[in-house]
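What follows is a pair of complexes built around subunit A, which joins subunit B in one and subunit C in the other.
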Partner chain A sequence: MSVRDDFTDRIPGGDAGLIVLVLLATYLAYVLAGFVLGYTLRGQLNSIATLTFYIGVFAMLSLALNLHWGYTGLFNIGIVGFMAVGVYVTAIVTKPTYVAGGAAQVGGLGLPLWVGILAGMLAAALLGLVVALPALRLRADYLAIVTIAMSEIVRFSFLSGELQQFQLFGNRVGFGGGSGLILDFAPPLEALLRGVGLWDAYLGFVDAFQVVVPRNPKPVVDGLIYGLLLLGFVAAFYWLLKRTGESPFGRVLKAIREDEDVANALGKNTDRFKIKSFMLGCALMGLAGILWLVPQGAVTPNFFRPRVTFFVWIALIIGGAGSNTGSVLGGAVFAAVLYQGPRYFQNLVTAVFPNFDSPSGFGQAISPLISQFDPVPFLLYTVDSIRQLQLVVMGLVLIWLMHNRPEGMLGYRKETASVIPLSRPKSMTADGGDDDSVRTDGGVDAAAEGGETDE
Partner chain B sequence: MSDAADQPVEDVANKVDEGALGAFASGVDTSVDYPLQVEGLEKSFGGITAVDGATFEVESGTLTGLIGPNGAGKSTTFNLITGMLKPDAGTVTFNGEDITGEEPHQIANRGMVRTFQIARELSEMTVLENMMLAPKHQRGEALWRSVMPGVRDDVREQEEELLERVWEVLDFFDIAHIAEEYAGNLSGGQRKLLEMARALLTDPDMLLLDEPFAGVNPTLEKKLLEHVHELREQGYTFLLVEHDMDLIMNNCEHVIVLHQGSVLTEGTPDEIRSNEEVIEAYLGGNV
Partner chain C sequence: MGIAETYSRGRRFAIERPFALVLAVIVVVLLGDLLRGLATGQTQFADIGTLVWDGLMRGLVIGLAGIGLSMTYSILNFANFSHGDYITAGAFSGWATTYLIAGLGRADIGALLLVGAGGSVYGGTLGIGVLSTPLAVVAGIVVSGGFAIALSLAVDRTIFRPIRNEDGITLLITSVGVAFALRYLMQFVFGSDVRGTTAQPPSVSLYFIDGTVFINAHDITLLVVASALMLGVHVLLQRTKLGKAMRAMADNKDLALITGISTERVVRATWIIGGGLTGVAGYMFILWKGTLGFNDGWLLLLLIFAAVILGGIGSIYGAIAGGLVIGLTASMSVLWIPSAFSRAAAFVVMIVILLVKPSGLFSGRATA
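Moving on to the complex of A and B:
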């Protein structure tokens, strides 16, 4: 493990360099896989766009979770509930008003998307407040129980027939029950470009792109540009959370994580700090949910199963809780290797062995292995079931990490919680104390210790 | 020393009673000399009564010791005074105001701050971060001020002021050489110093020290005591829980003896030393 520590230290450009390096390596691997698969340029670009999309959403979500868990020590396992509320509230606010005979069963308020996004984030934050008020007063584990229960309550509420449609401000709106909602409004990218008056310029750019991708290049360009937009959001999240962490506010959060009683005894109203931190993180989770699902054009409640929450946790644990860089890196690695990776691996195997004919059942897969020591059918069966095995792989990775590297890829990165560097101000003399005073116990030893323990 | 210290316990209790129940003005009158007044404090856990009607006051600018055998209720009394526990009955008055049942952070903001029996450093924060945490009224503790461009410069300015004070206090306690160290890497004694330094940065009127010398070597103990005396001369008031009788007797002006949850007696060290009841409590059959 020390080898890996050295490795991360040697990368030029520090944390930013590390992120860029990991992203480049990931893209390179995907492009190489695409060549093996015989993808056209269009296919390559599409696969890059999809990859970027998932890197973006998981990086955003794990940054938000890092605020809860890494900074404040709040054990939130209801992430997906806050995403769901964000998405559904955005949908209701933004969907066009109901017209009888239209495709959509229910309408919305017909307001602009940015209003919808703000409303969605606000709703997620308020749900965070409602959850936090009773739970934060209890011990940390109770927050976990309350949040996961909440996320299921949210999902079942959206599934329920009662709330399928109702009247809001005289409009027929609703959550659509099990069949979900059609998001029949301009996706975020189009809304943004129209908002800043660049939509026509963008369409012109898409036309010009026909040189690279003939025939209908719009979906490809949309995907790529939206991926870039998401990376922009990741950068914004990073900026916001870095500033939050490196401030007196972040210092109190860190103190709460370490020992809440101490922070309280020093005069900090810890409940208020925890609630603020929780609400901010929930709003960001809501935003990440909106950016993930609104472009899909439709949303159903069953997307919001707890597994998504655990995906985000895995991403954060891979990267290393407590570090923003680690969160981004964890999100990227999770998206590329564990989320999208198995599917690619399957495609790759299918491409390399085009004639492979996988057994249709477990019995047929296992019997040649036992009777003739022929492992091929079993391996083919495994590859064929890789989507189902994905969760097993994630579980194994998690167990391995907990045993071997519980602090994540980046280890404990301790970013100083302060607006300014805390070294002795230049205006002060190097040693203000009386020089010949007796050192405290083992001052010399402590200095020597310091050298060793400094990581 | 005021006369109150020489009065029997009952009289002191009566005096507090008058202060608390009488006109507010008379309460303020006594509060000038006695920032902390504890009256009839009770707390039981299940069937065990840990604090049973403890009544005492602490004179301003003194180093007052709170002693008693194991299980006398010293730490519980501390927790009740500082809001970590809520009393079943009784009142705590600080600077003339009733603070019974307030949250620890409210009490700390009123100017009474405590340290813990087992030093509770924030181990994954550096000594500097630990220290920077403590000062009150930090503008950057409002989230929006810390994040908003422009306003953050204001926060930066305050941080620079705080940092100078932090380094001054580090120098005062002779722990500047471990400033960059993570608090979790400090020795037990250094943690005690850090805790006291950190408490001091909240700008308190009064410090409650819960066994600050437990597990501290004699050299450091001497050092810590020097600091305490120096601070007391600057006008800080101290209430000290301690096991070591000699230490209390040699350093405190006033000693309160707790036994089975209530005040057995109080007085000057000499009075306590010759008090039969105290000797009985420490050496007698109940221990």
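Moving on to the complex of A and C:
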């Protein structure tokens, strides 16, 4: 424990430094594996872009979940429902209006993407309100069951044929039923760059990128830049939640997490605080869902199965609930090791044994092992069905964590609700030394300090 | 005076319990709609009879599986999310046995043991049914119960016992991990295809007012097996010393410990009874609906939770009654809403109960 604490203390930049360090180590591992695979530069850049994408979405989702569980103690296992509502509302608002004979079965309202994203977040927050109103007064495990039931109701609604198409403001819109929706509008990156007038500059940059990737560099650049954009969103989420957590509002949330009755006795309307926190988290989950699925170009209801919710939970628990740094770290580690790792491993094996012919079922895989002690078909089948086995591994990791490190990688770091540090000022002399060395611009320092004390 | 009193009482009721009032109005509207449908001939009595029968069967499965969940919920104090996968595990073990016995000598043993993974053997081809292959079905029921008991004891010993004293949420998260590992291990072994397991069972048609209601042999089997097991649990809890100990444990753990009841023994008994019923429920569910997939138990789990919460956690009669209500809701909701929302309707009933009576219908009667 103390060794790790020392370690995190010694990293330059503190928490941010730790995150950067883990990210760099992950990228290094992926690039090295890519070299072993003999990936071209294009392949390397693509794998980095995919990895960044998943790190971004899982970090955002676990940050939002941290607001619910880590800060307020709300056991929400309906994350995927809020994501689904965010994505579908965005789709309906943003899709171009219906024209007969077009590729899309249903249209939308044809509004700009930012309007759609705002509407999607708002819808997710409102759904959060609807769920929270009855459920918040109940025990944590009841809230869990209500939220997961809600996420399934959302999925069934989007699946149903009755809501496949309907009229909204005189436009033919709908959820597309089981076959889903085509998101036939500009992806977020393009919309953003067009919005700020940098689209042509970006296209120029893509052309210039041909020096690195000669043929058709646009998908590669798109992926990389979108990954960066997502990391920017992660930073924004982090900043927002840190600010929220340190505000008076956040202090009440932490008090609720510790002891709701005490917070109530101190005159705080805890229900109201819980609802606000729940809605904010739901809106952020909606946004994360939008940023995850809108660039994919299409969305089907069955993507939103409860397992995605549990992915986010595993990410948060790996990192350590209650800590924003832990949430980001957990998201990154989950995405790199548990989510993308096995798929990458599968690619590795397929690349090393290019003409492997895996058995079609467990029976064909196991019978040579039993009759002739030939493990090869079984191993090939194992590699071939790695997408199922990775979920088994996730389950085992979750069990292991709950047994051995329920507080996660960073430990359950309770961010204290107090505005001033409660620890003993152990490094007075060091601070004094620092002041001495930067006394040249002491005036600026004093002004900054004065500003702080005034607050 | 009488009228005034009734009026003021009604007014107080409306102010104090607005949700209950809204609920009553909704129920009246739904019933009115149903009666109108019957009067105009849009809905037939026989249709309703078929739906009620279907809901009753579904409810028996949910109730049977719900007893185990309710018992572990109250005695071990956590919501076990791996319960649904115990159902699937019981079903797969039992059906592997049934296939093996029914198809021995007619098909490859490996294919039979894997319950015809990848379309290698079909239950319909083997002619599986309670009347055509009774021995295979009975053996399957026994094995499904036994396997689910063994599985739940093994999982408890390795996974839940070391963290027995943690809070309910820690155990809940752990059980999610167990559920993931079990479910996808089953998918790894048995494949992801949904397979037909039974031949068309013989059925009788009952004349019912203006049409016929079909009842087949597997419906009757489910009815008999589920009722017998429910009765058995009732006798066990009310008449035996073990049952008394379990009720004491669920009611007040500390008091039970002081009186010398061994916690671990009661916990083991809970898993044995709950696991056995769950496994059999899984087998009967598959026998009744005739298809088997690795997701079946998980999909049923939320309905079971709804039933258990509806009935009041810890009450086995609550679980049975809740199961019947949830099953009937899921089946009969198609009278009013599109069938895609039937499962959603069951969840809505659960949420409504949480609003109106959070402690459930049979509240405060722990395992009794």
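Just so it is clear, the second predicted complex is superposed on the first by the 383 of 455 C-alpha atoms of A that agree within 3 Å, B and C clash if a C-alpha of one lies under 4 Å from a C-alpha of the other, contacts with A are read in each partner's own complex, and residues count from 1 in each chain.
Heads up, the rule we're going with is that contacts are C-beta pairs under 8 Å (C-beta built on N, C-alpha and C of every residue); 3 or more make two chains touch, one makes a residue touch a chain.
Model, not experiment: these values are computed from the prediction.
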Partner chain(s) touched by A:360 [first = subunit B, second = subunit C, both, neither]: second
Subunit B versus subunit C as contact partner of A:269, first or second or both or neither: first
Partner chain in contact with A:145 - subunit B first, subunit C second, else both or neither: second
Subunit B versus subunit C as contact partner of A:248, first or second or both or neither: first
Subunit B versus subunit C as contact partner of A:259, first or second or both or neither: first
Which superposed partner A:280 touches (first subunit B, second subunit C, both, neither): first
In the complex, subunit C residues that touch subunit A: 78-79, 108, 110-111, 114, 117-118, 120, 159, 162-163, 166, 168-170, 172-174, 176-185, 187-192, 302, 305-306, 309, 338, 340-341, 343-344, 347-348, 350-351, 354-355, 358
Residues of subunit A that touch subunit B when the two form their complex: 240, 243-244, 247-252, 254-255, 257-259, 261-270, 273, 276, 280, 412, 414, 416-420, 422-425, 427-428, 431-433, 437-443, 445-447, 449-450, 453-454
Complex contacts: residues of subunit A adjacent to subunit C: 75, 134-135, 137-138, 140-142, 144-146, 148-150, 152-153, 156-157, 159-162, 307, 310, 313, 317, 360-363, 366-367, 385, 388-389, 391-392, 394-399, 402-403, 406
In the complex, subunit B residues that touch subunit A: 82, 84, 103-105, 108-109, 113-114, 116, 120, 122-126, 128-129, 132-134, 136, 138-143, 146-147, 152, 155-156, 159-160, 163-164, 166-168, 171-172, 174-182, 185-187, 189-190, 193, 198-199, 202, 216-217, 219-220, 223
